[in-house]
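To start, the structure itself, in structure tokens.
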Amino acid sequence: MTVKMTAEELMEFLDGEFPQVNGEFAIEEVGDSRIRVRLLVAERHLRPGGTVSGPSIFALADVSVYLAVLAMIGPQGLAVTTSCSLDFMRKPAARTDLIAECRLLKLGRVLAVGEVLVFSDGMQAPVARASLTYSIPPK
Amino acid sequence: MTVKMTAEELMEFLDGEFPQVNGEFAIEEVGDSRIRVRLLVAERHLRPGGTVSGPSIFALADVSVYLAVLAMIGPQGLAVTTSCSLDFMRKPAARTDLIAECRLLKLGRVLAVGEVLVFSDGMQAPVARASLTYSIPPK
Amino acid sequence: MTVKMTAEELMEFLDGEFPQVNGEFAIEEVGDSRIRVRLLVAERHLRPGGTVSGPSIFALADVSVYLAVLAMIGPQGLAVTTSCSLDFMRKPAARTDLIAECRLLKLGRVLAVGEVLVFSDGMQAPVARASLTYSIPPK
Amino acid sequence: MTVKMTAEELMEFLDGEFPQVNGEFAIEEVGDSRIRVRLLVAERHLRPGGTVSGPSIFALADVSVYLAVLAMIGPQGLAVTTSCSLDFMRKPAARTDLIAECRLLKLGRVLAVGEVLVFSDGMQAPVARASLTYSIPPK
């Protein structure tokens, strides 16, 4: 399939629709049904010891699938998460950005499914895995 | 089983261990393997239209099971989330606190499992459901 | 909401649509957005030691949500499972029927969500919990 | 890490421990933290129209992670599934074997996490994805 939005267009759309997350995420790479997204870790993402919080990991996985879907269907603000499963497997490295490697496994008419591996930047073993389902509204 | 910590003791422990979430949560009621927790919704939890964000719902479900476990085993900071499944079922009411009704289904030697229903305060139909597994470290 | 099918009508429909599972399940009780279903445990459901297999527990949870949806929307064969999350919490009692207590948390136009607790017949502590999402086809 | 059991040793162990599933599965390939397993589809796995049933897909995903864990830790019968998340994404091809591509994401002291993509033999797009957690008993 053809990618309908570039990384720049996706970031612009995200910033416009969700000003609350401005500056939290950066798109590293977009491809056919794939995206790599960085969580720019700041103080508000941390727990004691400098570890990145669970909600921040969820947020990164969630936005990654959202952006992967948008990249394929174009700028439609209304896709919503309907379900998510997460496994937290390792403690993130302290005060280190997280990288989400996301792949769309299904992009249907009404449902999209994406899977995500989350890494501490520079590490080989994943911190977490996630799978998310998005509901795509009728046009 | 006997509840080992009161709502006040739980909040004090949470504030001490996780100063980052100070003022976000309030415990409404603690019982045997049950807890009710309120997310005190503020600007930072919101998305456009005043709806409460997914990461905030995750955070509420996660802290609820954590507190339910602590209430039963006593103040041990090291229990960690190992997995989570979430279903987002309805749009939360705008700018309204969320209430988590949490029940522990298992409290084993190494794993605890809790389930959570999340409501917009005053609403009957749940916004989300979650189930979480915590790993309990050996003493 | 009104229940549109009785236990007898549901069993008849199930037997007609899925002859492969004839004799595996019995409906104990149907109510508004609730159902209780029994797995009639036979040799083929067992693992060594007489414990009921994981796939049998999945099958019971899955059919319970399916029947709970049908009870509310009427006999439509085409609802399909889109996702499932399961926690296996305790070993089932040997050679004992399983009972699923199922509740629909959402019955939308396109998606239904049900949660299930599975018990060994006569036991208090649940063997497993499950949540399932069904996709309901347009009429 | 070193693989401790060959495909033949794994099948022999499985047949000895779980005679109930004799002839259902075949191991196609074993590697470091990876395994490919075939469900030899027979009449009992089917639903009307020849589609493979949900419980059969669950069973394949479950046994694949079990075998992937055993391959790495050696023949220990006692690892048990503690949780599972499944997304059913496409209808399986009629009367066609299923292939599970499984990867271990974590092999810890007490918990292992595996992810699985399930394909109808010869198809490119996955029928389902699964992630499973196994609890590994202390030696």
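So that you can tell them apart, the chains are marked A, B, C and D in the order they are listed, and the count of residues begins at 1 in each.
Here is the rule we go by: a residue touches a chain if its C-beta (ideal position, glycine included) is under 8 Å from a C-beta of that chain, and two chains touch if they have at least 3 such contacts.
Here the structure is a predicted model, which is why all the values come from computation and not from measurement.
Colleague: Between chain pairs A-B and A-D, which one is joined by a greater number of C-beta pairs in contact?
Modeller: A-B
Colleague: Which integer distance in Å separates the CA centroid of chain A from that of chain C?
Modeller: 33
Colleague: Can you compute the centre-to-centre distance for chain A and chain D, using the mean CA position of each chain? Integer Å is fine.
Modeller: 28
Colleague: If you average the Cα atoms of chain A and of chain B to get two centres, how far apart are those centres in Å?
Modeller: 23
Colleague: So which stretches of chain A touch two or more other chains?
Modeller: 82-83, 85, 87, 89, 133
Colleague: Tell me the shape of the graph of touching chains, choosing from line, ring, star, complete and other.
Modeller: Topology of the interface graph: complete, with all chain pairs in contact.
Colleague: Touching chain B in the complex: which residues of chain A?
Modeller: 17-20, 44, 46-48, 53-56, 58-59, 62, 80-89
Colleague: Given the complex with chain C, which residues does chain B contribute to the contact?
Modeller: Touch list, chain B to chain C: 85, 87, 89-90, 105-106, 108, 113, 115, 117, 125-126, 129, 131, 133.
Colleague: Residues of chain D touching chain B in their complex?
Modeller: Its residues touching chain B are 82-83, 85, 110-111, 133, 135.
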